[in-house]
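Beneath this line is the structure, given in structure tokens, with notes to follow.
Labels for the chains are A, B and C, by order of writing; each one numbers its residues from 1.
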Amino acid sequence: MVIATLLSKNHTLFGGETMIDWFLTYPIPLLQGLLLTLELTALGLLFGLAVAVLFASILQSHWRFLHYPIHAFTFFIRGTPLLVQIFLIYFGLSQFAWIREQDWLWIWLQEPFICAVLALGLNSAAYTTVLLQGTFKTVPVGEIEAAKALGLSSLQILRRIILPRATITAWSAYSNEVVLILKSTALVSTITLLDLMGAIRQITAETYEMGTGLLIAGLVYGSLTAITVYLFRSVEKRFPPIHRR
Amino acid sequence: MKLLWVKILTASIGLVLSTTTWAKSQEIHFATDATQAPLVYLNQEGKVNGFEAELVNAMCEKMPDTQCVLTHQSFDSLIPSLNLRKIDVMFGAITVTEKRAKQVDFTQTLYQNPVGLMSTSQESLTFDERSLKDKNLGVQLGSSMEQYLRQKYNNTISIKTYGGVQDALLDLSNSRLDAVFADTPILMHWQKDHQGYDLVNLTNPSELKFFGGNAMAVRKGNKKLLAQLNKAFDAVKTDGTYDALYQKYFE
Amino acid sequence: MSYLEGYAPQLLEGALLTLQLGIVSLLLGLVLGTLGALGELSRSTVVRYFTLSWHTLIRGLPEILILFAVFYGSDLLFNRWLPTPIDISPYWAGIVGLGILFGAYASQVLRGALLAIPTGQREAALALGFSHRQIYQHILLPQLWRYALPGLGNLWLVLLKDTALVSLIGLTDLMSRAQAAVSITQKPFTFYLTVACIYLIMTSISQWLLQRYYQKTTRYLGAKQ
């Protein structure tokens, strides 16, 4: 049935083109777009996760003075649309001459790719920080106290007790985050990056064949989402049963 | 409880309908991407202004019993909005091209303007392949300039598409781009406030054939409105309003 | 404020429109969400299958794609299949798109809420001779609100932020007006930061209202159960 849909000439529906035609005429931009989408997702998530672990750990610590900036950060990011954040970083920062004059900084910010990773990463960091903060709290206090009694340092406690527990608890919730970032990459076409969505918009602008483009986008994004969820679930099955509910 | 849901449903339908306008034959909805000064731009009161906007208003005065509404929306949403009957006419630096003519019906050419390349005085790029090799060029998404570049230079230059020309110009001013390819009047207007840039027009006659003049477009098959617009434009030309506006903006 | 170069009133107009858009989409989304939740809990396998597939589809695609699909896809609906032209509100594409999105996610929240209501109530009702429809109408749906509110509240915040996407299908909401202002003044940071703050104000007020309402409605939750 899938093959039939792919090969069917959508004459009455979309007018003229088949999806195979699209693939044959434009394989390179579409594949490049897909690659870019995946790159952005991976880098954004990695960056976000690293920052989130750091921030969540700080929020658990005694350093009160650092709590406020982190809360302000998550408040801002979670209260504003991602589109605005992307524009702020890409267009907004370039408004300031003193930023453009710092060679070491501008070399990075000049590139739309870096700006996109930064925007996606910060966005993911904020949401993941809140997620991890919640899961850190669910680690049984008794275990932490036992560890302290045994003389483990804070860093060791973090590494050996809190993080493994938190990972398991947060696992299925984090899968939502991964899917969310994947879908959010579709916005980077607004800052000249030709990810999958951007490639489709560009081809659509040329051929005026909206229907086919949307269908392809839907299929690809849908499959990527399904694969992600499947991967997360299969790892979850391997967790020690005591942690699964 | 069921009554509550019924109330909510009717309330929401009511809200949607209240924002609906049933087809009024007397009101013509003109839409444009009003970020292309001096041709079309949004002034501080939120009204669409500029050479073509004033032209539209002049034409509307020539059309009896009609009310014209001018609104702003993104360039690449114009043709779909036209097809969706969201708007009646699209205008504002719309170049007539063959491909577009298959999608919409154009009025007669309103005016012609050159198209040009704007780059920094140090780079001073020109329309030849050697000069443009591996450069970053900014264009508006869906514009005739984008289509031209993709047809001619697809693999040798890096084409960056923006929602509006002004965003591309913004990136030109912070050196993310080497050049911007757009309608010359728009570039010249921007150049007034920004020093250190050179403008080069496309002069090769065989290349220029790609770019028709600028015109307004209506939904394919909307012959009645098309005739009205063409008639109004003729009237504006004959009584000198057109020439006066042209002088005001371009001389 | 002179530093906004006189574009402030326009931005406020845009903010108002964003709110209107959000509220109407919310209403549509709640209706769709309720229907969706009921559909997923239906006794008919066919209905369950279709509603579940629909929800999975909508939740798995980028929001911007859904909006594009409604925007461009309805071109087909209106121009190639329907005979008569009608001018519907220019914002209906945004409303339908956002409403469908909200509805798909809301259906999950509402379904969870329906299932969270203690089953004892349903059993007692069945024992007393209530029909299934009556159970829904008089017992389950009225209590839905209490369990669903936190989830729906979060979805409202997401909806509010997603309204920024309608600027990409040509609607002049807050975001689109900011873009127009930026194009003239060439001051992106100023305007986008202002817009960010406006969204922040809207989401913060929403959160505060939701907190208060939640406290009110869960006053008796857990009592005598």
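Operating definition for what follows: a residue touches a chain if its C-beta (ideal position, glycine included) is under 8 Å from a C-beta of that chain, and two chains touch if they have at least 3 such contacts.
Quick caveat, the model's predicted, so the values are computed rather than measured.
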Applying the touch definition from the top, give me the chains sitting in contact with each of chain A and chain B. C
Taking each chain's centre as the mean of its CA atoms, which one is farthest from the centre of chain A? B
Could you please state the distance in Å, as a whole number, between where the Cα atoms of chain A are centred and where those of chain B are centred? 35
Rounded Å distance, chain A centre to chain C centre (Cα mean): 22
What is the distance in Å between the mean C-alpha positions of chain B and chain C? 33
Two or more partner chains touched - positions in chain C: 72, 75, 167-168, 182, 186, 188
Among chain B residues, those touching two or more other chains are 80, 163, 167, 170
Which residue numbers or ranges of chain A touch two or more of the other chains? 91, 94, 190, 210
Residues on chain A engaged by chain B in the complex (per definition of touch): 91, 94, 100, 110, 112, 190, 192, 201-202, 205-206, 208, 210
Residues on chain C engaged by chain B in the complex (per definition of touch): 5-7, 9-10, 13, 23-24, 27-28, 30-31, 34, 71-72, 74-75, 78-79, 85-93, 95, 137-138, 141-142, 167-172, 176-177, 179-184, 186, 188
Hey, which residues of chain C end up touching chain A in the complex? 57, 60-65, 68-69, 72-73, 75-76, 80, 161-165, 167-168, 175, 182, 186-190, 192-193, 195-196, 199-200, 203-204
Could you list, by residue number, the parts of chain A that touch chain C in their complex? 12-14, 75-76, 78-85, 87-88, 91-96, 179, 183-187, 190, 197, 210-211, 214, 217-218, 221-222, 225-226
Residue numbers of chain B touching chain A in their complex, please. 76, 79-80, 99, 103, 138, 141-142, 146-147, 150, 160-163, 167, 170-171, 174-176
